[in-house]
Amino acid sequence: MSDTHAQTVSFVRDTMLPAATPPVREAGAIKWLRENLFSGPVNTILTLLGFAIVWFLIATFWDWFAHSVWNAGSLAECRQIIAATWGESARGACWAVIRDRWNQYVFGFYPMDLYWRPTMTFGLLMVALAPVLFSASRTIRRTVLAITAVLTLWAMVVLGAPAGWLAFAAAVLIGGFLISERHVLWLLPFSIVYPLLGVWFLWGGSLWGPIFVLVGPLLGWIAWTLVSRIAPMLGVVAAILVTVLFWLLYAGDAAADAERLLSLSIQTVRSDRFGGFLLSVTIGVAGIALSLPLGIILALARQSDMFLVKTLSVIFIEFIRGVPLITLLFVASLLLNYFLPPGTSFDIILRVIIMVTIFAAAYMAEVIRGGLAALPKGQYEAADALGLDYWKAQRLIILPQALKISIPGIVSTFIGMFKDTTLVTFVGLYDPLKSMSDAVRASTDWKGIYWEPYIFVGAIFFLICFGMSRYSMYLERRLQRDHR
Amino acid sequence: QEGSTLQQVQQRDELNCGVNTGLVGFAAPDASGNWTGFDIALCRAVAAAVLGDPNKVRFVPTTGQTRFTALSSGEVDVLARNSTWTFSRDTDLALDFVGVNYYDGQGFMVNRELGVTSAKELDGATVCIQTGTTTELNLADYFRANNLSYTPVNIDSNAEGEQQYMAGACDAYTTDVSGLAATRAAFADPENHIILPEIISKEPLGPAVRHGDNNWGDIVRWTLNALVAAEEYGVTSRNLEELVRSSTNPEVQRLLGTTDDLGAMLGLDAEWARRAILAGGNYGEIFAANIGEQTPIGLARGLNAQWTQGGLLYAPPFR
Amino acid sequence: METIERKIDRSQMKVSDEVAIDIRGMNKWFGSFHVLRDIDLTVHRGERIVIAGPSGSGKSTLIRCINRLEEHQSGHISVDGVELTSDIKNIDKVRSDVGMVFQHFNLFPHLTVLENCTLAPIWVRKVPKKQAEATAMRFLEKVKIPEQALKYPGQLSGGQQQRVAIARSLCMQPKIMLFDEPTSALDPEMIKEVLDTMIQLAEEGMTMICVTHEMGFAQAVANRVIFMDQGQIVEQNSPREFFNNPRSERTKLFLSQILGH
Amino acid sequence: METIERKIDRSQMKVSDEVAIDIRGMNKWFGSFHVLRDIDLTVHRGERIVIAGPSGSGKSTLIRCINRLEEHQSGHISVDGVELTSDIKNIDKVRSDVGMVFQHFNLFPHLTVLENCTLAPIWVRKVPKKQAEATAMRFLEKVKIPEQALKYPGQLSGGQQQRVAIARSLCMQPKIMLFDEPTSALDPEMIKEVLDTMIQLAEEGMTMICVTHEMGFAQAVANRVIFMDQGQIVEQNSPREFFNNPRSERTKLFLSQILGH
Amino acid sequence: MTDVPAPASPPFRPSMLIYDRRYRSLTFQVIVFILVMAAAWWLVDNTIRNLALMGKNFNFGFLFQRAGYDIPQTPIPYTSDDTHLRATVVGLLNTLIVSILGCISATILGVIVGVARLSKNWLFARLMTVFVEIFRNMPLLLWILIVYAIFTEILPTPAAYRGENPEWSMIFFDHVALTNRYTALPTLAMTNDPGSLDLGARVTFNWATIAFATVLIGGLLARRAIKAWAQRVQDRTGDRPTTWWINLAIMTIPSLLLIWHFGLHLERPALTGFNFTGGLNVSNALVALWLALTLYTAAFIAEIVRAGILAVSRGQTEAAFALGLRPNRTMNLVILPQALRVIVPPLISQYLNLMKNSSLAIAVGYMDLRGTLGGTTLNQTGRELEAIVLMMLIYLILSLIISAGMNVFNASVKLKER
């Protein structure tokens, strides 16, 4: 027994060993298979089960898919073709219905000669989104904008857009592309006016309406700058008040007067012409755009230390989250008219958008609240110590960070909301999933067609929702990396 | 509330008409969104009478749930959505049914293979039924009264009902006979389905307006009556111009506004009925064009023939 | 310690007679817990005060009261002649005169170093952006990290971050600087660079109140050391007296613990 | 450093000739990355070995191989005469003989301190609960926190948590203890209390392998210091020799960095 | 050193309403309050005026009128002669039935899928990922419609079971028939019927049911006692006695005795006339809705479970392994208790979603609360204001109950921290 054992093992390495390659017991593929599929009895069973499932799915659906018919005028014709080509008892998919009713699925009952308008609106949406969504990566932005520009212009030409509008769209798309190459944030003003432009393009009518809607917040901003010298919080109240009052009392008449002076109108398309994916996307995009700011306000209110404000927002949020969306849609279609002054009745799509917005905003508020709560208290204190007031601190310090943290939650709320736009079928709107498919099936040609419309609509929803969720994951990773 | 419904409609220069979301023959949009059908024609006639243009109509698709609210809240000016005129709807729901444009009754459709020839043989059957309609109540009453049992399969739209029925998920499909006929007409094998002889209810379908604005009610009522009377007097959209010039029948003259300005009593001009008839023809023409025997729907006039032909259509005198 | 002592040019560090901060009979409660008891403290312009004391003794709370991150419930605090009440104008005035550096830096992670420094001048003082950036660069140079201006805080080491935090405060051109244990979240290698920056500030005559356990810094720079315990000022003295000749028992105990290992 | 040196009673710390751990020609890869290269190491009962080396040199991986938290791909490891293969019985045997303390404590947050300590004895050694609790209390007393027994880990300071982690390992009555940077996640004030506990263990003759950067501890307690770099043992020696007379260039470089400031 | 809190406030000046932090927040709240009150008053006033204009009133009397319609699935006795109130209760019970069934099955499926996604088996993990992504990214309504369509289109009509050589035959030893209308299940029948307990309002419970429930609960209590006993033995000796066979006996033997006593046997459904009778016909509307809700919600739950397990840091497993705990014990003693804390709150909000989503029952004609009160009743009586308000209230109360449950759970498992 000794304490000097160490001396006996004293050791110095003179030459460093080089790295060696790991021992290869089996060939690469077999090793992979063994490790990932057959690493034990349970795993082997699972693998076999998995193969069985895959095989079952393929066996069941393969010939149905393989025997697809793309070109036919009716279901009967489809069946004839299938019987003629693959034999009497063959089953096959009749995608011809999508081809035949493509326009209806995409544009609903929108006037055919104006199809270019929604197309253009959607194309410009990408430009408006560029500074908000694609600001993270130049490559992505470049790809998205370039593809959008080409596709939109091509589609507009095909759909017979007038030359003037074609030039306009080309100018915006190409201009947007060039500007975004230089400084993407310069597109922000376009993003801000886009909602109103979009409304005008889709519904048509006089441009003065949107212009005067825009004047409201402008006046509100003036009121805010004036009043917030006294107290910022009152400034906000004043701004909202001025804006709302202007909208309620003056905007309509002013727009009508202006229209009389100088007509800036394009053909009006009424809400009942909206349907299919145009309807879903319109409700979805509007709901998304409106629910985010509302959600932020609700979240801030819920975080506020003012008891009344907090209580009100808690009640509101919990109430909305406690009832199914479908009941809110019922409120929109059945009850809203009770709550408004007698004789007012406004567009059902608008009512639905309001309800969907409120619904999404309540969820959004909770998501953002999570983001706010995740911020260390030090951020608030540092902002305070630098002399920033509440609103500036929120705007410059807190919200940018909280929103970034909340991106996954926000996007999944969006996805949920977009999926929920299919529920408008229950208030008589022509959503692509049920109402539109029912309408297609009601015609003699396509009576009895069942799976194809569902699969088609489902696939489109999947593409959009899956794309959104993947993009948000990408964005999240990117933002995490960015500031490290 | 500013002004009467008539004023509002004229100011808007458009008639809001509540219709079915899709029932071929009565009201359905085609692939490009143009509405056609028996109920649609009535809306167009009213629009023509009031606004001078049968195309100044906005069709508001309403579901079974939303139809009456849409009317009472003012979202639509007139509801022409094959709705049954019942006591409680007329009174409790504060609606005014201004007439009947189609006398219907509830019936059953079954597959010929079942070998059923009478509704009395349906004991224990599964019956498909659209939720939220009077048919639901009639069905319950009928089976109770006859001491039969049944299982309802509630469905949400006509298209869904057809699907269920065709797949055999229900033995019988019940709705108004007109609807059954329309549905059957669209089948690939109509001959394999029979509509049972029992008509278990009276279903007078007609346009409704809000309680309280009697003048507007009159306009819709008399537009409908004008269409019916026009058929009775042989006024069609084709011979109308000629009759205006040449007709000596005082009733026709009053109807067409060549004598006695009846239109003024409604707050309209003298030619209102002419325009209404020109919009889609008289009642008979509308019937024939949308649901008559020449159409895929293939309904016989039956109860909906003129009283002179043994039917129930009977327009009060224009005087 | 020697190194610090040597470098400092005490001649520059004049204390004027003007009162910068005046605290009188100030009390503060958290709920029913009495954190600060009857605090009386006068700080003159140019003074460098170090506050020490065991954990939980109320040091942080005291300096956070000075720029109203915490509200006191009785007594008076006036900063540069402005009395701190709940009047927003006064609070704003005081806050733009008083800079604060936190233990955990509290930089804004979503802004670059430069943006961190220019944010408050631009939005609070309404300085034009160009000018704010020029000032910020000047102070970043002073804290010796101008080359990091375009990086994000997350990309810097702790010491660099704390120096940015100091620069950020300085950009508001404060008359008084508060430090709340600015070095205690730092790895040992980085403490020195931050202390150096603070010493430089002291040399330029900035009025400073600093909560710290860096006794070397206190000995070298402070012209007064305040010892707090249980919410009260137990002892205050010149650093030399304080360290060599502590009078209260509690101070002695504290010093033995701090300097013990 | 002096304090530590003084306290230790080296006479107690005997090294026997029995071999506790024997590692021969051991290699390990992560995918195609060669982390451990040809490791040969024999540890005798009662030895206290400190492993040092730059980050990423494979220190953690090495000691994790010893209780099979990582699998080695070639060579042999035997612990207390039991060869580590993928045989579960052997692994169980080794794991219940070898205690391990992690950098981040890895206490079970949903169990009280006492439950943390009794969990493994009850479920692995099948010790009656009473007895397990008695043992646990003995070890908690040894690490000087018997009064915290009923608290949850989240309620303790880092140093206390690490001492609980040590007690938890000891409750399994291990013959060998592995430590993976037990103090590097701790605040400076708490390092000492954990080191004290470890010294106490060493004095009682526990066989220990400890990855640490606390060179004071190494000098005071270890009877062998092993320096690793790039997955290899570069130098091993008695602490005195190692610190005063490092022979390899890499060791010198490393020591100069570590002791530099 | 006094401890007297005596904060005196400075004298009040009107300008403080805006400049003073304390009063300013008061001012703001008063403004908000006035605005909210004004808005509320505006809404109520509009409603009153609208009601007057339409000649309606706000009155729940309609609930006590005759409903007049039939409901396919009635958990409590109901005929078309009953009141709308009873129809509402039937609807509510139907909502609860599909919600509870859905929650149970979605949890089971979700846990399996979530764990399988973490499996080392490449193929299986990928399959589960595909499942999750497909179901999460398409509207629930689509799934309801598709599942329902599969039932109606693929399963046979009851007629297919008719005749000497039927096209389809019943499964489970001729006890269960799958049709495109319903699944015909056998019912339990008794030779010694002990009669029923009448709870009033025509709600009855068979004594046999009560007996079985008692035995079941007793069995569960006994199991707990045995578990506690096993724990005590383990505490004392260190060895845990094997208890599964005692448990098995306790859970089965009393039930078997009861079955024997009541002469309980299965009564097979038989095809008479148009349909199967004599059994329990579970309508496809329920099954399809339940299945769609299950699949859709399971996809979300799987993600929650996966995240919950991943949230328990790898260090926990390692520490347990280092202590010599075997993997299954590690799972039970270390991973699961921690993962549950992470999993349960979002899990419960999924339950909430499922309950709310069950209102899509309308798409398949399942008569839930939405279908009765918010559907036919609303439609027949024209009381949309009352019906919708009542319906929302009921949903809200259900939600609040579920979230209250969640809060209780959260409070009970909250990790103690400093």
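Note that the chains are named A, B, C, D and E in the order they appear, and that numbering of residues resets to 1 at the start of each chain.
Quick note on the criterion: a residue touches a chain if its C-beta (ideal position, glycine included) is under 8 Å from a C-beta of that chain, and two chains touch if they have at least 3 such contacts.
Remember, predicted model here, so these are calculated numbers, not experimental data.
The chains that touch chain B as well as chain E are A. Taking the mean of each chain's C-alpha atoms, the chain closest to the overall C-alpha centroid is A. Comparing the centres of all chains, each the average of its CA atoms, the largest separation from chain E belongs to C.
Between the interfaces D-E and A-E, more contacting C-beta pairs are found at A-E. With centres defined by CA atoms alone, the chain at the far end from chain A is D. Here the spacing of chain B and chain D, counted between their Cα centres, is 89 Å. Chain C and chain E have Cα centroids lying 57 Å from one another.
If each chain is reduced to the centroid of its CA atoms, chain A and chain C end up 48 Å from each other. Rounded to a whole number, the gap between the C-alpha centres of chain A and chain D is 53 angstrom. With touch defined as above, residues shared between interfaces to two or more other chains in chain C number as follows: 88. Annotation for chain B: residues touching 2 or more other chains are 1, 65, 69, 73, 160, 163. Shared interface positions of chain A, i.e. residues touching 2 or more other chains, are given as 231, 330, 334, 337-338, 342, 426, 450.
Residues 18-19, 24-25, 27-29, 31-33, 36, 43, 46-47, 49-51, 53, 116, 119-124, 127, 133-134, 136-142, 145-146, 149, 153, 352, 356-357, 359-360, 362-363, 370, 374, 384-385, 388, 391-392, 395-396, 399-400, 403 of chain E touch chain A in their complex.
The part of chain C that touches chain E in the complex is made up of residues 27, 29, 32, 34, 37-38, 73-74, 85-89, 91, 232. Those residues of chain C lying in contact with chain A across their complex are 67, 69, 88, 92, 95-96, 98-100, 102, 104-110, 119-120, 123-124, 152-155, 168-169, 172. By the touch criterion stated above, chain E contacts chain C in their complex at residues 1-3, 5-8, 10, 16, 19-24.
Against chain A, the residues of chain B that register as touching in their complex are 1-2, 21-22, 24, 28-33, 58-63, 65-66, 69, 73-75, 157-160, 162-163, 166, 186-188, 296.
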